[in-house]
Amino acid sequence: MKSEEIKHIVEALIFAADNPISEKNLRQLLEDELNGSSVTDIVTALNQEYMNSGRAFYIDTVAGGYQIITRPEYAVYIKKMYMGRVRNKLSQAALEVLAIVAFKQPISKADVSAVRGVNSDGVIKNLLERRLITISGRGEGIGRPLLYSTTPEFLEYFGINDISELPKPREIEELFKEGKYSEQIVDALANLEEAENPENTEEGSEQNGDDQSTENQAE
Amino acid sequence: MKSEEIKHIVEALIFAADNPISEKNLRQLLEDELNGSSVTDIVTALNQEYMNSGRAFYIDTVAGGYQIITRPEYAVYIKKMYMGRVRNKLSQAALEVLAIVAFKQPISKADVSAVRGVNSDGVIKNLLERRLITISGRGEGIGRPLLYSTTPEFLEYFGINDISELPKPREIEELFKEGKYSEQIVDALANLEEAENPENTEEGSEQNGDDQSTENQAE
Amino acid sequence: MPYHVKLENFDGPLDLLLFLIKKNEVDLFNIPIAEITKQYLEYVDLINILDLENAGDYILLAATLIRIKAKMLLPKSPIEEDEEVEEDPRDELVRQLLEYQRFKEITGDMGELEEERRLHYPRRYFDFTIGEDEYVWETKGDYTLFELMSVFKDVLKRKPRVTHHHVEQYPVTAQEQMTFLLAELDKHHGELLFYRMAEMLTSRITVIVTFIALLELIRDGKIEVTQSSTFGEIWIKRRK
């Protein structure tokens, strides 16, 4: 393999990796094609090219291996891009409370905590601040506790128009009830199938009236 | 700001985004600096540079935004890197459901199952998990069923910019014309079809053999 | 050459029916219902074993086929003839098949799109630490409604429903409290104020059990209880 080609494979691998990729890993993936050439040299060459053509990114060497990252001068823009999202990122606890409020609203703080089995006052305060839930009234019970409901911002976040469009607990249960065969098994079978017979057209399956040897994947 | 500089900021943003980033979003992030220049032109220029210097990746237009992805020739190596960690391809059943949802959205679970003649609950759940479809509202009919639509991730999954880039199902009339059968049957079926088809209005689906002027308000 | 069909390949009864129509090279608009039904039923027998989940749907279509067959065999009743002239019992089924076929046809093309797209890989690793004490970005920070539903389901599943099945052994028995009451009465010369007695008890449950013990003793005729007025003091007295 030509060294230019190897260079671009290395580039593609570093680019698409979901973690810093080690030299060892790169060597394995390229099997013996890398042979004489040094990964370090390839990375240096790539970085030189990036530099010359003014690319906004470069390959960095970190503990785990190589990763491709943007140059620091663009950080301010990238930060802006992610900022809103990061701030809005809900914790697991917040998501739980939000789910309970959404599907059982209006609901009191005590009832939320009872469902979760954990005191949820702090999380509720947090969700109130983010305006994803709001106080919507008082319950009938002892002490007439405050009740919480979702807000228009909540609807916007989850992309629905109206609170009535939220699934009902019954509908959620229905959606999650397990079939006899789970979809994964069906998928697995389909893939198996595909591996065995890339054309899943039935062409070859000639009819033969009585001979019902519909044997499972013979071959 | 110099146009070279803007180009590199655009490059950095597209590079660092974890979802296809829309032109609108890019404009917002660049505030007024973009001013005269066209994002399309900038992306074209970047792609030209990538091409000239033999980069292993390029900027694609997908799901209404820009995304930087590797060229297909490196797929074999990247696939090896991700071995066992890549999601399965969609099953035939999943593709069927997606086709139906894509062209009849928003559509209820029951209507999807009716077209396929088979319960599709499991497949729909799987597609929800994969974020290829989402709950988008409620229908008007009995029990106000939940309705499903495709997502931006759906577009991204198939590498298309919008739904119109999908292969179109043939019109039912066209399928009729294929067969050799009497004129009357065609007409009767076409009427039936037409009466039932306005789908989205739900109400109008009063099945009626004779010519009710359910003129094609759909499509 | 024996034919072998991979049953898992059928994505439902309509798929199977279309397959049979194609295999027999019959006109979709003039389906030989008798023959196709026969073949369909043969397959359904096998599918019943393999595709339990959707067996019901296959059987439903089998029933439809049989109904159509029966309808075609029957001489048209005069009334029916009046109502729906020229209505072929197969029409509705054909319409359904065509509608299904429309979408089935494009799944191949969609599969190709999928295939092509899978040759392209986006970036997966995002780790932007911008200066100290800045965020480390997490990707895909938004949740979907489905994920919210998923969390809801998990929370409900996780939580043992304590409120409904709260079973606990009482620390005292009515028998013990009967003995206790009689002993107390003996200590107080056979007479005791109910509220004094209750004061000696530590928990609410003990009060309740003691009250039951009290009722038990009254029934047995061992004590009597008097109250001077409504909400007045209750006196417990030992009967001789």
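Letters A, B and C mark the chains as written, and numbering starts fresh at 1 in each.
Just so we're on the same page, a residue touches a chain if its C-beta (ideal position, glycine included) is under 8 Å from a C-beta of that chain, and two chains touch if they have at least 3 such contacts.
Since the model is a prediction, treat every value here as computed from it, not as a measurement.
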- Message: Per-chain Cα mean versus the mean over all protein Cα atoms: which chain has them closest together?
- Response: A
- Message: Among the chains here, which has the CA centroid at the largest distance from chain A's centroid?
- Response: C
- Message: So the centre of each chain is just the mean of its C-alpha atoms; given that, what is the distance between chain A and chain C in Å?
- Response: 27
- Cα centroid separation between chain B and chain C, in whole Å? 32
- Item | Between chain B and chain A, distance of the C-alpha-averaged centres to the nearest whole Å | 19
- Task: Spell out, as numbers or ranges, the residues of chain C touching 2 or more other chains.
- Result: 9, 53, 121-123, 128, 137, 144-145
- Query: What residues in chain B touch two or more of the other chains?
  - Reply: 15-16, 70-71, 74, 78, 89, 92-93, 122, 128, 134-135
- Message: Give the list of chain B residues in touch with chain C in this complex.
- Response: 15-16, 18-19, 60, 67-72, 74-75, 78, 89-90, 92-93, 95-96, 98-100, 103, 115-119, 122, 128-129, 131, 134-135, 157-160, 166-172, 175-176, 178-181, 184-185, 188-189, 192-193, 209
- Item | chain B contact footprint on chain A (complex, rising order) | 4, 8-9, 11-13, 15-18, 21, 25, 29-30, 49, 53-57, 70-71, 74, 77-78, 80-81, 159-162, 164-165, 167, 171, 174-176, 179, 181-183, 186-188, 190-191, 194, 200
- Item | In the complex with chain B, residue positions of chain C that touch it | 9, 11-15, 27-30, 53-54, 56-57, 61, 84, 86-88, 91-92, 94-96, 98-107, 109-111, 113-123, 126, 128, 137, 139-140, 144-146
- Message: Under the definition above, what is the set of chain C residues touching chain A in their complex?
- Response: 1-9, 19, 22-24, 42-43, 46, 50-53, 121-125, 127-128, 130-131, 134-135, 137-138, 141-145, 147-153, 155-156, 158-160, 162-163
- Task: Write out the stretch or stretches of chain B touching chain A in their complex.
- Result: 4, 8-9, 11-13, 15-17, 21, 25, 29-30, 49, 53-57, 70-71, 74, 77-78, 80-82, 88-89, 91-94, 121-123, 125-126, 128, 134-138, 144, 146
